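Structures are listed in the sections that come next.
You will see chain A twice below: alongside chain B first, and alongside chain C after that.
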Partner chain A sequence: MLIFSVFKTLTDQQVVVELKNDLSITGTLKSVDQFLNIRLDNIKVLDEARHPHMMAVKNCFIRGSVVRYVQLPAEHVDTQLLEDATRRETTTQIKR
Partner chain B sequence: MDPSSSGIQEPFDLIRLSLSERVYVKLRGDRELTGILHAYDGHMNLILSDVEETILLVDVDNPTPNPATINVAKRKMEMLFVRGDGVILVSPPSR
Partner chain C sequence: MDSLIPFTTSGALMDCVDRKMLVILRDGRKLHGVLRSYDQFANLVLEDTVERIYHGNAFAESWYGLYLIRGENVVLIGEIDLDQEDDVPLKQVDYNVLEPYHKEDVEDKKHREEAKSQVLFEEKGFSKEGGEGDGY
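The block that comes next holds the complex of A and B.
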């Protein structure tokens, strides 16, 4: 849930999604759900020469399970807030 | 030593104590990361900053007689979300 919240705060930011098949897609993060499925607008494939079939695609929905990494804009991530939230979430899980 | 006094009762506690520290992460597909850990969850989804990724590339078509040649590709990323299903292990800094 925590990571889901992080992605929600990053909507309308520019991200790079790297998939497990090595395809890297950059675009504007439009929405995210609990499975970390991702909707991107104005997408661009980083290595277009290797993936020419993606050139016509302007926006896409990415199934969360095929994502390897998402590169986030560091200036929009409050690392101190993340660490506190992680500690809070993990300790409440133990008490449960 | 009583394990409860150190705050380590379950495996995830080792990761919790590594928050805001540089960790080593081994991933599927011969990938390794080092970075500062800022967040994680029960799936081992991670958020790291100041990340260096190392990819080990074993060149099968290598014409040289030495078959053990391994190429290493490195790259750096400022802030990275890592999906938990690719994580093999997370190791705290060696101190």
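The block that comes next holds the complex of A and C.
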């Protein structure tokens, strides 16, 4: 749930999504859901020559299960806050 | 209300219904069709579906018709910009002409991927991808 929240705070930021089929897409993060499916707008495919089928695609929806990495804009992620939140989440889980 | 819509699967796909979409499947197939329905697992219904194959600067289409795609096989759903589509510098050729080239490309890619995952697993200490439950 924590990572879902992190992604929610990153909406309207530029991210790069690397898929397990080695496709890398950069675009504006428009939405994310509980499965970490990602909606990107105004996309640009890295190495477009190798992926000619993506030339006419403007916006896309990526299934969370096929994402390998997401490159986040470092200036919009407070890692200290994230660390604290992670600790808090694990301690509340242990208490339960 | 509008602020609640984006953070669900249905919110993300809502404005794609009745539009021409590109669906990429895990086996690498590219399907073009009109999105008619979907659910929270990204199960999709495509109407007037065609499979497109590519090689070099050519593509070819094969008619599939009405298709229901199980969500686990979906990699990406792309909204096709109809204006941009006209500017794509690819030419359409007959499916039978392109198919042998495409098959060769697929075989090449398969061999490359196998070699790569072997190096990553045996020499670089990576775990194997695509196992049961990995989802790809």
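Going forward, the second predicted complex is superposed on the first by the 96 of 96 C-alpha atoms of A that agree within 3 Å, B and C clash if a C-alpha of one lies under 4 Å from a C-alpha of the other, contacts with A are read in each partner's own complex, and residues count from 1 in each chain.
FYI, a contact is a pair of C-beta atoms (placed from the backbone, for glycine too) under 8 Å apart; a residue touches a chain by one contact, two chains touch by 3 or more.
Just so you know, these numbers come straight off a predicted model, no measurement behind them.
Once the two complexes are overlaid on the shared chain, A:20 sits against chain B and chain C alike. Shared-chain residue A:53: touches chain C; no touch with chain B.
Of the two partner chains, chain B is the only one that A:72 touches; chain C does not reach it. Once chain A of one complex is fitted onto chain A of the other, the partner contacts of A:89 are limited to chain B, with no touch recorded for chain C.
By the touch criterion defined above, A:35 reaches chain C but does not reach chain B. In the superposition on chain A, contact of A:63 is made with chain C only, not with chain B. After overlaying the two complexes on the shared chain, residue contacts for A:8 are found with chain C alone; chain B is out of touch. The intersection of chain A residues touching chain B with those touching chain C, taken from the two complexes, comprises 20, 65. Chain B makes touch with chain A in their complex at residues 9-10, 12, 16, 19-20, 29, 36, 38-42, 45, 47, 49, 77-83, 85-86.
Within the complex formed with chain A, the chain C residues making contact are 6-9, 11-13, 16, 22, 24, 26, 28, 30, 42, 52, 54, 57, 59, 71-72, 74-81, 84-85, 88, 90, 129-130, 135-136.
Interface residues of chain A, counted against chain C in their complex, comprise 8, 11, 19-21, 23, 30-35, 37, 39, 43, 52-63, 65-66.
By the touch criterion stated above, chain A contacts chain B in their complex at residues 1-3, 6-7, 20, 36, 64-65, 67-74, 77, 79, 82-83, 85-87, 89-90, 93-94.
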